[in-house]
Each structure stands twice: as C-alpha cells, then as structure tokens.
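You will see two complexes here that share subunit A, one where it goes with subunit B and one where it goes with subunit C.
Now for the complex of A and B:
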C-alpha cells in the first residue's frame, strides 16, 4: 500500500514536470495553426501562417541546414585529426591547446562574435557571405567534436592500436582510416549529433554575425517574433520543430547503430 | 622454403641509450647482438629499461644520438616501424576491435597488397598453427584472454617478419593459462626458427623461452648469458637474487675455505679475501648428519611443498639459509643438522658498493 502511494506520487510529480515542459510546446504549436490566437482555437484551424512563413523564410531554413552541415564537415575534417594528434602527443602543450579549443564554451557567444567582427569585419566579401557565420559556428562547436572524440580515444587505448597497425606495416594515413576512425566512431557520431544540433539552434553569435541576406532559422524566428503576428512566429516554431525532430531522431538511430555494431 | 619457417634477420644494437624529454634516462647506452633465429629474452623488474630497448628495436622509440639499430647489415635507425618488417605482440594485444579475428590476422598481408586468395590461405594456416580454429569470424570482444593472445601472435607471425618482438605477451593471463601458453609459445618459436626478442619480468618465462637471457637493471645490462649461465654463474648479487632463489652468505676466504658462523665451506680456486660474498642455491644444499658436516645449523622451520620441502636453517651463516630438501627425509624444527655443499655450488660474487 505504502509502496503504491510512493509510486503514485512519483509518477504524479514526473507527469507534472513533463507537463510543465511540454504544455508550452503544444500551445506554441497550436497557436501556429489557429486563425486568431486571442480568440482561441474556436476561431478555426488554418495552415495560412505556415504557408506565409515558408514563403517568407524558406531561404533562412535552407541556409541553416547548409551552415549546419558545412559546420559538421569542417569540425570532422579538422576536429578528428586534431583530437588524435592531441591524444597521441600528450603533454602540457596538448593540454593547453585543448583548453584553448574549449574556451568558446565559457565565453559568451556575443563576445566571440564581437571578436570575429573586429578582426574580419573589414573583409567585405567574407563579412557579407554565409561563410562568416560558418566561421563562428565552427569556433563554437569545435570543442564538442574534439572532446567527444578524445573521450573515446582515452577509453580504447588508441595509441597501442595505432602502434599495432604500424607494426603490421600500415602507413600513418592508412592507420588513420583503418583503425583510428572506425574505433573512434561512437565519439564521432556523438560529436556530430551535438555539432548539427548546436549549429541549427545557435542564436547569440549568429544574431551578431548575420546580415539581412544571411539569416538562419533562429535569427528569422527572433525577427518574426519581433515584427509579426504571434501566429506567424508560432507557425515558425512549428516548422522548426518539424524540421529538427526527424533529423535528431535519424542521427540518434544512426549513432546507436554505430555503437552496437 | 616452408610456409612459416624463415630465420629472420640478425639484430645489432650499437650504443643505444634513451633519455626522455623530462631528463630521465630510461636506458644507458648499451650494445647487443642477436643472432639470426635466436630467441633472446630481456628480463628485469619494471623500470629496468627492457621495454624501452624493445621499442627501440621495433622503431617505436628513437635512440639518443649516437645509437644505431641494424637488421643484418642494414642500418634501420631512421626507418619507421611500418617499414621495418617486424612482427609485434603487445602486452594489451592491441587487436583491432573493429575487425574480426580473421581480418586481424590478415591485416598485415592486406596492407602489403597480398592477393585475397593467398591471404585467406595464410590466415587459415595461422589459425591452425595457433590453435584457434572456429574463431575466425568472432569479434575481438567475444574472445577470452588466452584466445586474444593467440590471435595477437598469429597476426604478428602472419607477415613472416624479419624479427618477432614480444612485449610481456603472457603477463595479462592467469597463472595456469600462462604456464600452458608458455610451453606452446616455446615450441612455436622453435618450429618457426624466427629471430625473436621477448620482454618479461618473469624469470621462469625467461628460463624456458630464452636461448639467451639479458638481465637488466636500472636502465643497464646486468648480465648476458644462457639460462644455465645466468642461473648457475650469476656475475653479481642482483642477478643471483633476481633469477631463482638464492642464499647470499658473507665471510672471509682463506686457503680455499669460506668461513661462516656455523663452520666452513670448501671453494673452487678462490682467492683469499677478507670479506667475500657468495651465493648458494637452495637445492644445492644437502642435509646430512651433524657429525658428518663441516657446516652446521639449527632447523628453524620446515615447509612441506609436495615435490620437496623448504627448510630454513639458522646459525650456519650470517643470515638464515633456505634449503630445498627432498620430500623423503625426516627433519623437524629445532633439530641440529649438518649442511653439505659441493665446492662448485658456491659461487663467489664480486664485491659491490
């Protein structure tokens, strides 16, 4: 009897917390398909706001994904070898470099953006292209890739595996492809998941770096909240949600498959 | 040439030392020649420099300036490990978790561009040689420690290396398995006739496997010799005590006799010495009637081990003597006994600082 009471109260509490988090999401989504939010759902259900957002912001959505996957590509190409180098080399210098790479986690995005603007703001072509935002996202997401890959390296004794492959005649590049990358896969997948998610949702830094022609999803969202009807902004959230959730689920499944393989 | 035999290269280490960036000297400059087809064991306690020596031969460490490593007559000092054509078995095995057993064994051949059918045949041969039939398609994490050790060995030998390097390959296994694999490994190395360099801290392993043993201590070579030489004629106290059990006795030598608190021992052509140090192996000391011996003592304890009994005898020398006696004789603690030792069994050691 007492156990059931405890269980019931725990369940109740959990549901309450979940509701606290889920209800705003549901409200926001329903607002996006309501004709007039202030009159409530009885005013009717419509897709006009969603269509309007799509017409206005399709470019931002496309750019967001372009930047997210470009960021992923750069963090993979630079971050995985960097993690390997830092792990194998070891020593104080490696730790210092690791700390420097991790620094953007502690520094506000605004400050990073400001530094980028001060330094590269004068290069007009670069400043006005989406590559400028890409640079910011790479700086911001790199530690997540490097750290999660290094964590795997530390757990599988990658240095000895590397020496084993070397003793069998494999050149450094062959070793990297045949032994290092396959065995670092769980870390690479986890890191990729983080990088894509963070890049898609990044606001602080992007808001500072964007131009009217280089806006991403979250910047567009802020834009619509500030300047348009609440229903439009909510429809925006709905689109954001629909785009991101399947992507996250797909990557999560991919990551699990990689780990159990 | 038979499928797996091949004598491999001779290895010459000339003046190879290793000082790490933080200034610690892991290995004092040392020279060593390893004959083609020989199994050489580097033996010593941890931190003695044996693994550093192996890694220099492998090409995983570069020796300090002035050191050279030669395979036959070719200078390999600047050649990276992947071009040295060695086979290496690591203490942790370093098997690739992302490949099956067969893929692990065939990896070195694949790297060398060996044709797929030839590769499969060689892998099958290695599987048979190391007795791991049926495990070919297993993943590494599905193998026991002993099976992993065999796979690691098969993988290293599959490429027909010029030199086989083994870094404490049995240390990670439990004792009974270690004994069995040790004798298997021994017959495998003999049948391959390959040049092998084997690092261990276990003197029983060194005795069984080594054609010659290099005993190392604190980054330097303490003695090089056959197992018998190392055991019966240690050149210093460290080797005597590290390899096997040893009684170290001290006393003056005059006229071919070593005088001890409980009597004296006859020596083989020993120079007079006011303070000599000598070694006697426990199994070379015979227990005789007190009246028949020139050296006497009191039995302090008797431990029956099965195949023999281990006695501790006090009063004979400056330290209690350990004696391995046959399991048939009847002695009790507290009894007075005589000790007989042939002159050949008493080894006078050089005086050390």
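Now for the complex of A and C:
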C-alpha cells in the first residue's frame, strides 16, 4: 500500500514536469492554426498564419538552411581529418588543441559574437555577407563534430587498422578515405546531425552577427515575437518545430543505438 | 608523403580556422576590454561598480536557483523513470527530453504562452479568482525559462547515472535494515554525486550566459547577458561590454572546469 502511494506520487510529479514541458508546445501549435487565439479554437482552424509566415520569412528560413549546410560542410572537411590527426598524434599538443576548440562550449555565444564583431566588423564585405554568420557557427559547432568523431576512434582501435593498411602499402590519403572515414561513420553522422540542429537553432551569436540582409530563422523568430500578433509568432514557431523535431528524433535514435551496442 | 606530414596536414585547417575565428577575436576582445577610458581596471568594474555588481549577483543567484531546482526535479523524475517499468514510460521519457535543442528564443516564447498577457496561467487564474496572474516578463518568468531549458538535459544525465548504479548496494543496505528513505539518502544520492556536479555545472553555466530567453522575455530583467547587450548596442560602450563578456566567459569556463576536475567527465555548456 505504501509502495503504491509512493509510486503514484512520483508518477504524478513526473507527469507534472512533462506537462510543464509539453503544454506550452501544444499551446503554441494550437495558436498557430487558430483564427483568433484570444477567442480560442472555437473561432476556427486556419492555415492563413502559416502561409503568411511563409510569405514573410521564406528568405530567413532558406538562409538558415544554407548556413546550416555550409557549416556542416566546413566542420566535415576541417573537423574529421583533425579528429583523426588529434587521435593519432596524441600527446600534450593534441590535448591543448582539443581544449582550445572546446572552449566555445563554455564561453557564452554573446562573448564570441562581440569578439568577432570587434575583430572583423571593419571588413565591410565580409561583415555584410552571410559568411560572417557562418564563421560564428563553425566556431560554435566544430567541437561537437571533432569530439563525436574522436569518441568513435577511442572505441574501434583505429591505430591497428591504420597500421595494418599501411603495412599493405596504402598511402596515407588512401587509408584516410578507405579505412578511417568508413570506420568513423557513426561518429560523423551523429556529429553532422548535431551540427545541423545547432546551426538551425543558433540565436545567441547570430543575433549579434546578422545584418538586415542576413537574417536567419531564429532571428526572424525573435522579430516575429517582438512585432507580430501571437498567431503569426506561433505559426512561425510551428514551422520551426516541423523542421527541428525530425532532427531531434534522429539524434535520440542515434544515442539509443550507441547505448545498446 | 610521410605519415607524420599527413597528420600535420590533417590538423592544419583546424588550427587555421580556430586561430582566425576564435583565438584572434578573443585576443582582440581582451585588448578592447582594456583599451577604454578605464584601462585595465575595466576588468574589475564587474565587481567594483555597484550597478554591474548588482547585476552579477542577480545573475549568479538566478543561475544557482535554476541549478538547484533543476537538480531536484530531474532527480525525482529521473530516478522514478529509470527504476520503474510501466506502460507509456517511453512516451513520457520522450516528452521530457524532446525540448533538448530548443533555442532560448523559442523557450522564451513558450514561457510567454504559459504565463504572459494572453497566457494559459493568466486565463486560468482569471477564471478562478478573477485576477489575471502574469509573470512571464519578470525574473520568475526567466527562471521558468531556464528551468524549461535545463530539465531535459539534466534528466538524461541523471537517468544514465542511475542506470550505472550497482543495485546490489541498495539491496545490501535494505537487508541490513535501512529504511527506504535512508537507502536513498545514504546510498543512492551519494553515488549520483558526480552526475549532479557535472549536470549542475552545465545548467549553471548555461543559465549564466543564456541570452535568447532573456531577450525574448525582454523588458527590464537585470541579468549579465542583457547588460552586455545593451552596453554594446545601445550605449556603444565597447570597452565595458568587452570586459563584462570576458568576465562572464571566465566565470562560465571556471565553473565547468571545476566541475570537470571534480567529476572526471567531459562537461560542456550548451547555447
């Protein structure tokens, strides 16, 4: 009897926490498709707000995807070889480099954005273009890619595989493409999902780095929260959920697969 | 090409990118912070200037409150979810963890929907008591936002730590006559210590530096990121905003580094 009571109260508490997280999301989705949120859902269901958001903010959404995939490309090209190099080289220098590239996880985005602005703000062409935001996103997401790939290297004894291929006469480049990358694939995929998800939702850096011509999806979100009616802001949030939730689900599935291995 | 050279070629792009877009800018930030009318003492302004010090204290108190509340909530829920199997458990876990990567701005908006002028809590309280309760735009709204942000992350860490606990220890304690509460207090909670330190540090550092949620709830909440933002954009006070953000960065980094040395695991904040 007492056990049941404890179980019920714990379950009740956990349900309450879940409600705190889920109810606002449900409110936001409802508001995004309601004709008039003040009058409630009885006023009718509509997609007019979603359409309006699309007409107003399609550019922002497109730019966000451009930046997310460009960030992914850079972190792949730069991060995957670097993870291999750091793992194989080892030693003090590698640890220092790893520490430094991990720093952007600890330092608030606002500080990194100010640093970039104060350094490159004078370079008009660069400052005005979306590449400026790309630079910030690359710095912020790089540690996720590098560490995700290095985690795989730590578990599959890449050195033996690498040396085996080398003893058969394969050049470093061939080995990298045919031995290292295929073996690192789970880490590369997990890192890629992380990088794209983080880049699509990044606000702290982007708000400081953007210009009126280089607004991203979350910058547009903040805009709509400040200046649009609640239904439009909710519809925009709804569009964001539709884009980000599949990525989150994929990430979760990856994490579970990694655990059961 | 030798193996050694190939390794260096692998590392070179990362070194160049990090130097150009992180190390050089941070050095510049450090220089600008010391280059204002106050000189190097700008770095002490965060403590010596009463207005900045008040904001710093505000931010630290808020972050600490968020951390403690999150740890308590996540431990109760995480222990429960890991120790019981019941229908709907997987759905419940999914509900508790899916907001993991919501940006701060979105979390701010969700808090407005919950406790803002047209919010759910306002509507309910107006119907029940006749008085509309609105607190989204106050420091309590920000607290709720940070709570929303950190709960999923900490629950995941706690659940993973509970899974690794040796259940035999608890059974031993119980067979020696310890009450359920004593088992929790003397066996389970101490064993979860490293997980508390690690996830608590992340929650704290994130709450210290989070900008998006405060920005959306806007108005006049006095926290460090908002202060830096207004000093930079409205007052164009570059030196002070640079010095303050270095201070904020050092605090966040130090908390995480301390937690890492205590818990032995990798610890990182999230935006």
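One rule holds in what follows: the second predicted complex is superposed on the first by the 228 of 261 C-alpha atoms of A that agree within 3 Å, B and C clash if a C-alpha of one lies under 4 Å from a C-alpha of the other, contacts with A are read in each partner's own complex, and residues count from 1 in each chain.
We adopt the following convention: contacts are C-beta pairs under 8 Å (C-beta built on N, C-alpha and C of every residue); 3 or more make two chains touch, one makes a residue touch a chain.
A quick note: this is a predicted structure, and the numbers were derived from the prediction, not measured.
Peer 1: Clash or fit: what happens to subunit B and subunit C when subunit A is overlaid?
Peer 2: Fit - subunit B and subunit C, as placed by superposing on subunit A, sit side by side.
Peer 1: In this superposition, which partner touches a larger number of subunit A residues, subunit B or subunit C?
Peer 2: Of subunit B and subunit C, the partner in contact with more residues of subunit A is C.
Peer 1: Tell me which partner A:101 touches in the superposition: subunit B (first), subunit C (second), both or neither.
Peer 2: The second partner, subunit C, only.
Peer 1: Between subunit B and subunit C, whom does A:166 touch in the aligned arrangement: first, second, both, or neither?
Peer 2: So A:166 meets both subunit B and subunit C here.
Peer 1: Tell me the contact category for A:179 with respect to subunit B and subunit C: first, second, both or neither.
Peer 2: Once the two structures are laid over each other on A, A:179 reaches subunit B alone.
Peer 1: Now for A:128: first (subunit B), second (subunit C), both, or neither, which partner does it touch?
Peer 2: Neither partner.
Peer 1: Between subunit B (first) and subunit C (second), which does A:211 come into contact with in this model arrangement: first, second, both, or neither?
Peer 2: neither
Peer 1: Contact-wise, after the overlay, does A:157 reach subunit B, subunit C, both or neither (first, second, both, neither)?
Peer 2: first
Peer 1: Once the structures are superposed on A, label A:248 by its partner contacts, choosing first (subunit B), second (subunit C), both or neither.
Peer 2: second
Peer 1: Per the contact definition in the header, classify A:43: touching subunit B only (first), subunit C only (second), both, or neither.
Peer 2: A:43: touches no partner chain.
Peer 1: Closest pair of CA atoms, one in subunit B and one in subunit C, after superposing: how far apart in Å?
Peer 2: Minimum C-alpha separation, subunit B to subunit C, in the superposed model is 6 Å.
Peer 1: Starting from the residues of subunit A touching subunit B, keep only those that also touch subunit C in the other complex, and list them.
Peer 2: Touching subunit B and subunit C on subunit A: residues 166, 171.
Peer 1: Taking the touch rule as given, give the residues of subunit C at its contact with subunit A in the complex, in rising order.
Peer 2: Residues 1-3, 6-11, 13-15, 17-18, 21-26, 28-29, 32, 73, 76-77, 79-81, 84, 86, 92, 94-106, 108-114, 118, 120, 147-148, 151-152, 180, 205, 208-212, 215-216, 218, 225, 228-229, 232, 238, 241-242, 245-246, 248-249, 252-253, 256-257, 266, 268-271.
Peer 1: Can you tell me which positions in subunit A touch subunit B when the two form their complex?
Peer 2: The contact residues of subunit A facing subunit B are 156-157, 160-161, 163-171, 174, 178-179, 182-183, 185.
Peer 1: Within their complex, state which residues of subunit A touch subunit C.
Peer 2: 6-7, 10-11, 13-15, 17-18, 20-25, 27-28, 31, 37-38, 74, 77-79, 81-82, 84-86, 88-89, 97, 100-112, 114-116, 118-120, 135-136, 138-140, 142-143, 146-147, 166, 171-173, 176, 197-198, 201-205, 207-208, 218, 221-222, 225-226, 230, 233-234, 237, 240, 244-245, 247-249, 251-252
Peer 1: Considering only the defined contacts, which subunit B positions touch subunit A in the complex?
Peer 2: Residues of subunit B touching subunit A: 58, 60, 80-83, 85-88, 90, 92-98, 107-108, 111-112, 155-156, 159, 165.
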